[in-house]
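Structure provided below as structure tokens; questions to follow.
Labels for the chains are A, B and C, by order of writing; each one numbers its residues from 1.
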Amino acid sequence: MARRVPTSRKWLVTIAAWAIGFLIFFPILWTILTSFKTEAEAIASPPSFLFFDWTLDSYREVQSRSNYFLHFYNSVIISLGSTLLGLVIAIPAAWSMAFVPAKRTKDVLMWMLSTKMLPPVGVLIPIYLLFRDFGLLDSRFGLVIVLTLINLPIIVWMLFTYFREIPGEILEAARMDGATLWAEIVHVLTPMAVPGIASTLLLNVILAWNEAFWTLNLTAAKAAPLTAFIASYSSPEGLFYAKLSAASTMAIAPILILGWFSQKQLVRGLTFGAVK
Amino acid sequence: MATAHSRTAARFMIAPAVLLLLAWMIIPLSMTLYFSTLRYNLLMPGMEDFIGFDNYSYFLTDPAFFAALTNTLLLVGGVLLITVIGGILLALLLDQPMFGQGIVRILVIAPFFVMPTVSALVWKNMFMNPVNGLFAFLTKAVGLQPFDFLSHAPLTSIIIMVAWQWLPFATLILLTAMQSLDSEQIEAAEMDGAGAFARFFHIVLPHLTRAITVVVLIQTIFLLSVFAEILVTTNGGPGTASTNITYLVYAQSLLQFDVGSGSAGGIVAVILANIVAIFLMRMIGKNLDI
Amino acid sequence: MGQIKLEKVTKAFGNTQVIPPLDLEIEDGEFVVFVGPSGCGKSTLLRLIAGLEDVTSGDIVIDGTNATALPPARRRLAMVFQSYALYPHMSVKKNIAFPLKMAKMPEDKIEEKVKNAAHILNLTDYLERRPGQLSGGQRQRVAIGRAIVREPAAFLFDEPLSNLDAALRVNMRLEISELHQSLKTTMIYVTHDQVEAMTMADKIVVLRAGNIEQVGSPLDLYRSPNNLFVAGFIGSPKMNFLEGEDAAKHGAHTIGVRPEHLRVIHGATTSSGWTGTVGVIEHLGSDTFMHVHLDGDRGTITVRADGDNPAKVNDKITVEALSEDRIYRFDKGGMAIR
């Protein structure tokens, strides 16, 4: 039962929490605000907080100078592509482990997880050289493959935890009803697991969107997603705060929105079910 | 248990995932292992020689390695300290009744969704820049000399940036764990006369142990591989002041084209990560009952 | 047709033998109930018949053809699960139609059959609902509907009523019995509730640790149990058992008398009865059950008396069997002496 809390205390907590929340969020807020300033206002001292001439110039310029939308498109293709490909491979695998567990299922799961713990620098050179030799450097296709592989363990694992909550009897009922394996997965399992599959998709799109090791090392220009594109602002263009902010805002906005929808799944997905 | 038929089907269904991951693990890793025994420079193709463990002794005795190892440990340790303690405090705060809890939660979680390159550049330029940054403005406003964070305290600056990104993760998980604490337990302790501090140390904290362990282990895995933040802010410098192992390996192999010793470094990184991974896997495995 | 024969069927999970070699014949149109305590292998046996598990050895013959290697869908059996196992994302109509759709039946025929089934099961008004919007009893009927549209050779039920409350359970019990009478299809029904077994079955199979203890009609089992286990399992309240001197008097190792076959004599002691003190008394209105602690620490026995029996706690009473042939005798191994 909820207990009555003294209102004064509730207000105190509210003020403290909002203050801290605001502080943590401030860098993002500041970036968004700066993106609507002119370059001069962006470095003005004292900085103006809300009372400046709001303008979209920086956004226009970011696009006209560097074809921003190509990189945005690359990010979409790479994150969505790698996640969907991962789902296609992972759904059958998770089905097997959740509904036909064998003695070694646990070992397989743990092993899959362990591949996620392989530090990327451990395989950077061979992957780089292989990509070079196969002409995959700076290609969207190459990145989709790599991101699929590095996120596959998380996808399998998340789906597995969701599938496990579906009673096996329902799939057995489908089997009794004459469903083939294909029909069982397509008509019964997948529709029932839609919430879980959607969460998995969401979290992995976020992870792939923000992935900044392989995207930085394997792309240059043509296939560069936003992570790599923004990195090109490291010098000296980064000193143009308004443009940096405009580019940054556009890069993080879609994921901030998606991310807020996926708070719950985040915990489950990133702790591999160890914390619910 | 099921029928032989469904077991066969299961094997087919799991095969693609297993084979792909197996290939992903074995092929490049064995290549790295192989390269690490060669004198191999990308600028001098065709001159590869087998040199045994020379790359390892070269990499491990390089003063840069020692610096990178120290930096890696400081980076991981510093970020963990900030995020775990901050996360517990924040979770305690957010678990209290308040107005607009949902919105505060959203504000606190947001940094986790910011891509590393963006967060690093925003911090570097708009906050830590000694001329135009917000911090410089604030220090000047109170009459102090602006501090050039990235040249004078590069590692600390990076720790701050990374901690900002991971604090939400720690908070979210600890908050989730805290909310799963049975409120009757707290009430029972209250009936038994336990004060707020006693309740925290005897009931809340023990309940959180698991979640804290998970946070520490998972963050460690990611923090060992911090890369983008260093690349776009300090490039590992000045000198090696902010170079971690990941960045060192990158610099050796893709900037100096010394594939041989870069590979040796990669293997060292794998071994370091494995030490953490073993603990993490135990933890998750214990929790997984099939 | 729905004749099912199990020949030397065994099942082991890893190294644990759950079903030892077992033979059983089920005739076409029979209502067979598997009863037994929890964990005795009832569900396993049913799932073996369904094809959801492989037998370790032995054969399952359905209507004369060996079905041991057939997948579940090809055995022409329908199963109703304890959890109903309805497809939560499909409407009632789609749930019932699913097996027909899988059999690639033409749409109009599916429509007609679903309508029929819904009519039989009083589900016509609910066809567009999702299972989540139905009561337990309605869900149960949907599960049955999904089974009957296939016109299977036999129905398999695994504790279908255990999730329902007591009143509904009695209702559904009747409905299933009526369904059996109108369809005349073989039904195999698993339960651990002996009342369900007694009221529904043509034939009861009593299982213990995977072994068949006895097969027979409900009254057969009640009247002449083969052994102590069956005697104790069938009938409610449980049969009273006495050992030692009392049993020896009847030339047995153990004797058993059902509570309903005992008569109460107040106060006085007669030669053929047992004297004791009344402990707990349970008044059910029509009947009164008394738990009598026999003198000399010989145990406690339960007696059924009339609803208006005047006995009170701590009264001294004597009970005796209605007649000598109501006393069941068992040898040292627990087998009935006839």
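Quick note on the criterion: contacts are C-beta pairs under 8 Å (C-beta built on N, C-alpha and C of every residue); 3 or more make two chains touch, one makes a residue touch a chain.
This is a predicted model, so every value here is computed, not measured.
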Pairwise touch network: line, ring, star, complete, or other: complete
Contact-richer chain pair [B-C vs A-C]: A-C
Chain occupying the middle, per Cα centroid: A
Approximate Å spacing (C-alpha centroids) for the pair chain A, chain B: 16
Whole-Å separation of chain centres (CA-atom averages), chain B against chain C: 59
Mean-CA-position distance for chain C and chain A (Å): 54
Contacts with 2+ other chains: residues of chain C: 52, 71
For chain B, residues contacting two or more additional chains: 2
Multi-partner residues of chain A (at least 2 other chains): none
Parts of chain B lying in touch with chain C, wherever the complex brings them together: 1-5
Contact set on chain C toward chain B in their complex: 13, 51-54, 71
In the complex, chain A residues that touch chain C: 167, 169-170, 172-180, 183, 187-188, 191-192, 194
Chain B to chain A touching residues, read off their complex: 2, 6-7, 9-11, 13-14, 16-18, 20-21, 24-25, 27-29, 31-32, 35, 90, 93-94, 96-101, 103-119, 121-127, 129, 132, 134, 137, 140-141, 164, 167-169, 172-173, 176-177, 180, 210-211, 214, 218, 221, 224-225, 227-228, 231-233, 245-246, 249-250, 253-254, 259, 262-263, 265-267, 269-270, 272-274, 276-277, 280-281, 283-285, 287-288, 290
Chain A-touching residues of chain C, taken from the complex the two chains share: 50, 52, 71-73, 77-79, 81-83, 85-89, 98-99, 102-103, 146, 150
